[in-house]
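Down below are the structures I want you to see.
Two complexes, one shared chain (chain A), two partners (chain B, chain C).
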Partner chain A sequence: MIDYLVSVLTEGSIFAIMALGLNIIWGWSGDFDLAFYGYVALGAYMTLVLTIGPATSPTTYILGLTLPFPLAVAIAVVCSMLLALVVGAIALRHLRGIYFSIVTLGAVYVLYVFAGQFVPLFNGYNGLSGLFDPMGDVLGLDFSAYPFFYLGLCVAVLCVVLVLVTRLSGSRFGLALRSLREDERAAAAFGRNIYAMKLKAYVIGAGIGGLGGALFAGYLSAFNPSAWSPVETIVLYAAILVGGRGSNRGVILGVAVMVMGLQEATRYLPEIANQPSFAPAFRLILTGIVLVLFIRFRPQGLLPEHRMRDKDPADTGGTSVATGSAVAGATLDTGAA
Partner chain B sequence: MHEALLTLGFGLVAAAILSLSALAFTLEYSVTNVANLSHGEILTVGAYCAYLVQQHGGGVILSGLAAAAGGGVLALAVHNGVVDRFVRKGIGGLPTFIATLGVSLVIQNVLVIIFGASNLGYAVPQGAPRTVGPFLWTDTEIQIMVSAVVITALLYVIIQHTRFGKSLRAVSQNRSLARVSGINANRVAALTWLLAGLIGGYAGFILAESVGTFSPYSGFSFFLITLTAAVAGGLGKAVGTLVGGIIVGIALEFFGGYLSASYNLAFAFAILSLVILVRPRGLFVGGRRSVFE
Partner chain C sequence: MTALLEVQDLHKHFGGVQAVTACSFTAAEGQITGLIGPNGAGKSTAIDLISGFKVPDTGTVRFEGKEVQGKTPHVISRMGLIRTFQSPREWPGLSVLENLILAHFEPRRERFWRSLAGPSRLERERANDKLIRARDILDEFGLFHLRNERAGILSGGQKRLLEFARIRMAEPRLVILDEPMGGVNPVLGERMATAVLGFVAAGTSVVIVEHNLPFIERVTDQVVVMAEGRVIAEGPFDQLRGNPAVVDAYLGEMPTYDDAES
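Showing the complex of A and B:
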C-alpha cells in the first residue's frame, strides 16, 4: 500500500512539473501548443542516452554516455529548449490560434515518426531502457529505500519549479505575457516585443517540460514510442483547464484531480476479459468529457487565476476607469482599422 | 517512365480518398468556422460501421451506405451536441477547437472499449490488379475512384444548383447576414455537417478498403493528412480543397514510392508547415493576408 502511494505521488509530482511548464505557454502566453509532449519526450530520451552507456547490438542509439544523472538531466533540459527555440521561432512568427496549433501538432508528429521509425536515433519502436535507480548507487541506497528517495527528489524539484514560476508569474515579464494574451495589439502599442516575449515563454515552458520528462525517464527507467503519444498533451491541458488556467495553485490542483484522482477512481474498475485496455480507455473518455464540459461551463477552472485590479482608491467607482480605458480603446481601434 | 505512371495511378487512388475526406472537413469548417479535430473519428466510425455490416453478410454497396450513415449520424451528433452549442454561446474558435479534440479522445476510446485497440480488416477480396491504359488498378480501387468522382460531382450540384446549396454558401460567407436574410443558419449548419459526415464516413470505408486494415486510431492519423490537403487548398474553400487533396495525395504517393513510406506523415507536415508559413490562406487564394486577425 505504501509503495503504491509513493509511486502515485512521484508520478503526480512529475506531471505537476510538466503542467506548470505548459501553463506558461498556454496559461500566460495564450498559445495552444500541441507539441508540448514532444519536449517532454525529448527530455526523457536525452536523459536515457546520456546515462545508460554505449549501445550493444542489436540496439542502436546516439551518444550512449554514462554521465551522472543530474548532469544528464541538465543537458536534456537544454536540448528540449533548443528544439522549442527552433519550433517556436518558426511557429510563433506569424501564426496564432488554430494555425499555430496545427503547425505544432505537425512538429510533434514529425518527432514521433522519427523517434519510432529512425532506429539509429533512439532505437526506433523498441525504445531505450536500462536507467535503474539513478543516483542510487552513489548514495548507497538499497532497493527498498530508493522509491522514497526518488519521491523526495521529485517533490523537491517540483517545489523549486513552483517557486520559480511563482516569481516569474508576478514579475514584469509574467504580467506582460498576460497582457499580450488578453490583447496582443494593445500590448504591442505599449511597446512590447510580442514575438520575442512569446518565444521566451515558449522556450522556458518547454525547458520545464523537458525537466519533467527527464524525471519521468528516471522513474520509468525506460522510454519508447508506445509510452507516449502526441495526444498525451491533452491530458495535461485537461489538468490545467480543470485547475485554473494561468494559476499555479490551480495547475497543481488540476494534476491532483485529473491525473492522480482519475487514476485512483478508475483503479478498482473490474477487469474485463480480453480487454486489457479497458481502464486506460475509460480514463481517457472521462478526460475528454471533463475537458468539453469545463470549456463550456467553467472555463476559468476550479481555482481561477488571480486578476490584477487597479489599486488607486479614486477609481473605486469604476466610472473613471471605464472612461480612461474607453479612450485608450477607441484610439487603438482606429489605429487597427 | 512506366514506373512513374504506375505511382501516379496509386496516387490517384490516394487522391480520391483524400479529396473526399478533405471536402468533408472543409464543409464542416465553412459553416461553423470551427476546425473539427474529431473529423478523423467520422472516418473511423464509418470504417467500423461497414465492418459490422460485412460481419452480418452485407455486400460492398450496403457497407458503403452503412459507413456513410454512421459518419453522418456522428457528425450531426458532434455538431448538435457540442459545436453548435459552443458557437451559439459565443465561445471562440480556439476553445471549440480544443473541445473537439476532447470529443475525438472520447470517440477513439469508446471504439477501443467496443472493438479493442488492435487492427481489423474487411473480408471482401480486393480483386486481382488489372491494366487500365498505363495504370495498374484492382477492381476495388476502380470502384473507389469512380465513386469519389460521382460523389464530388453530386456535391458540386448540391452546392451550386440547389436552394440548400445557396443557403450553405450564404451561411459560410457571413452567418449573421444570412440569418437576417431569413435563413435558418443553425439548420443549414446542421444539415451541412450531416452531409459532411455522410461523405466522411464513406471516405473512412474506402480508406480502410484501400489500406487493408483499420484501428480506432487510423482516422486520426489520416486526419493529419486531410488537414494538410484542406489547409493547402484553403480552409473552407471547396474547389481549392479538392485540388489540394489531389495534389497532396499524389505527392505523398510519389514520396512514399521513391523515398520511404514510413515518413509519409512527416512529409505531409513539411508541406503543411510550408504552406501555412508562406501562403496561410491556401495555395489558390489570391492576395496575401495574414491569418493574424
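Showing the complex of A and C:
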C-alpha cells in the first residue's frame, strides 16, 4: 500500500511540474499548445541517452553517454527549450487560436512519427530503457529505500518550480502576459512586443515541461513513443481547466483531482470479462464528462486565477504614501499568484 | 505651431480596393485635430497605417520628425503615439486597476530576469507612486469604486471611460482616438469632452476620429476631412462649414452643437 502511495505521489508531482509549465503557455499567455508533450518527450529521451551508456545491438540511439543524472536533466531541459524556440518562432509569428493549435499539433506528430520511424535517433518504437534508480548508487540507496528518495526529489523540484512560477506569475512579466491573453491588440497598442513575449513564455513553459519529462524518464526508467501519444496533453489541459486556468495553486489541485484522483480511482473498477479495454476507456469518458461539467458550470476552475486586490486607501490611513508602501507595494507585486 | 504628426502621401489598397489614396495631413503639438468623413472614407485604415497595425504601400508618416511608417505597433507606441480602437479594448479578465497599471509601460520591470529577481527598492517606491496615480485617475473618471472588478463586467460607457483613463495613465505624446463617442449617451459625452480637453492640458496632443459633429465642433482646433481615401479639406471647423466639397461629401444639413444640446 505504501509503495503504491509513493508511486502515485511521485507521478502526481511529475505531472504537476508539467502542468505548471503548460499553464504558463495556455493559462498566462493564452496559447492552446498541442505540441507540449513533445517537449516533455524530448526531455525524457535526452535524459535517457545522456545517462544509460552506449547502445548495444540490436538497439541504436544517439550519444549514449553516462553523465550524472542532474547534468543530464539540465541538458535535456535546454534541448526542450531549443526545440520550443524553433517551433514557437514559426507558430507564434502570425498564428493564433485554432490555427496555432493545428500547427503545433502538426509539429508534435512530425516529432512523434520521426522518433518512431527513425530508429538511429531514439531506437524507434521500441524506445529506450535502462535508467535504473538515478543517483541511487551514488547515495548508497537500496531498491526498497529508493522510491522514497525519488519521491522526495520530485516533490523538492516541484516546490522549486512552484516558487519560481509563483514569483513570475505575480510579477509585471506575468501580468503583462495575461494582457496578451486578454487582448493582444490592446497590449501592442500599449507598447508590448507580443511576439517576443509570447515566445519567451512558450520557451519557459516548454523548459519546465522538459524538466517534468526528465523526471518522468527517471521514474519510468524507460521511455518510448507509446508513453507520449499527444492525447496525454489533454490530461494536462483537463487538470489546468479543473484546477483554475492561470492559477498555479489551482493547477496543482487540478493535477491532484484529475491525474491522481480520477485516474487512480478508475483503476479499481471491476474488470469486465473479455473487455480489458473497458477501464481505460471509461477513464477517458469520465475525464470528458468532468471537463464538460466544468466548462459549463465553473469555467474559472476550483481555485480561480488571483486578481490584484487594492485595499481601500482610507483603511491604510490618510498618509497612504507611508503606510501604503508596505501594503500597496506588496499587493502590486504578489497580485496574480 | 510645430507638427507633431506629419502624414505624407499615404497609399494603401486591399486587393482592388484603394482604401487610402494620397492621404496627407498634419497634427500640431498641443492641439486637438479632428478626422472626419463618411463611412468608407479611409479614416480607420489611415489610423492603422499611422499606428503600425497596417503597413502602407507608399508614403511617409513622421512622428516628432522621425519616420515611423512600417514600424511595428509596439515600437510606435513606445515612441509616444498610442491609439484606441473603435470598440473599447479593455483587458476583460484583468481588474480595472490592473488595466491601468499595465497601461503605463515600464520595459525594464517587465523583463523576465528582472521579474524573477523581484523589484528593487526604488522600483517598489515607484510602483507605489504609480498605484496612487492610478487611483487618482480612476477617481477622476468615476471608476474608483470598481477598481477591483474585472474590466469585462463594466458597461459600455464605463469601458469608454476606462479607455480614457488608460490613456491618462500612459501619458503619450499623441493619442489617436478612434470614434470614442460610439454608443455614448449625452451626459457621458460631456464628461468625455472634458476628458479630451484634459489630455491636452496634461501634455498629450489628440487626433480624434468621430462622426459626432457637435462634439468635433466643440473640442477640435483643426479638422481634416477625408472622402474616398483622400483628404479633401483641412482647416478649422467653422471654415469647413462653408466649403462646398465638404458639404457635398459629408456634412449636408448639419446641426450645430447648440442644436444638439436643446
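In the analysis below, the second predicted complex is superposed on the first by the 307 of 337 C-alpha atoms of A that agree within 3 Å, B and C clash if a C-alpha of one lies under 4 Å from a C-alpha of the other, contacts with A are read in each partner's own complex, and residues count from 1 in each chain.
Definition applied: a contact is a pair of C-beta atoms (placed from the backbone, for glycine too) under 8 Å apart; a residue touches a chain by one contact, two chains touch by 3 or more.
A quick note: this is a predicted structure, and the numbers were derived from the prediction, not measured.
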| item | value |
| --- | --- |
| Chain B versus chain C as contact partner of A:188, first or second or both or neither | second |
| Touching partner for A:306 - first (chain B), second (chain C), both, neither | neither |
| Which of chain B and chain C A:164 touches, first, second, both or neither | second |
| Which of chain B and chain C A:249 touches, first, second, both or neither | neither |
| Touched partner set for A:277, first chain B, second chain C, both or neither | first |
| Chain A - residues contacting chain B, complex | 32, 90, 93-99, 101-103, 105-107, 109-110, 113-114, 117, 231, 234, 237-238, 274-275, 277-278, 281-282, 284-285, 287-292, 295-296, 299 |
| Contact set on chain A toward chain C in their complex | 164, 167-168, 171-176, 178-179, 181-183, 185-194, 200, 204, 305, 307-310, 313, 320-321, 324-325, 328-329, 332-333, 335 |
| Complex contacts: residues of chain C adjacent to chain A | 51, 53, 72-74, 77-78, 82-85, 89-95, 97-98, 101-103, 105-107, 109-112, 114-116, 118-119, 124-125, 127-128, 131-132, 135, 147-148, 150, 166, 170 |
| Parts of chain B lying in touch with chain A, wherever the complex brings them together | 35, 82, 85-86, 89, 91, 93-99, 101-106, 108-110, 112-113, 116-117, 220, 224, 227, 231, 262-263, 265-266, 269-270, 272-273, 276-277, 280, 290-292 |
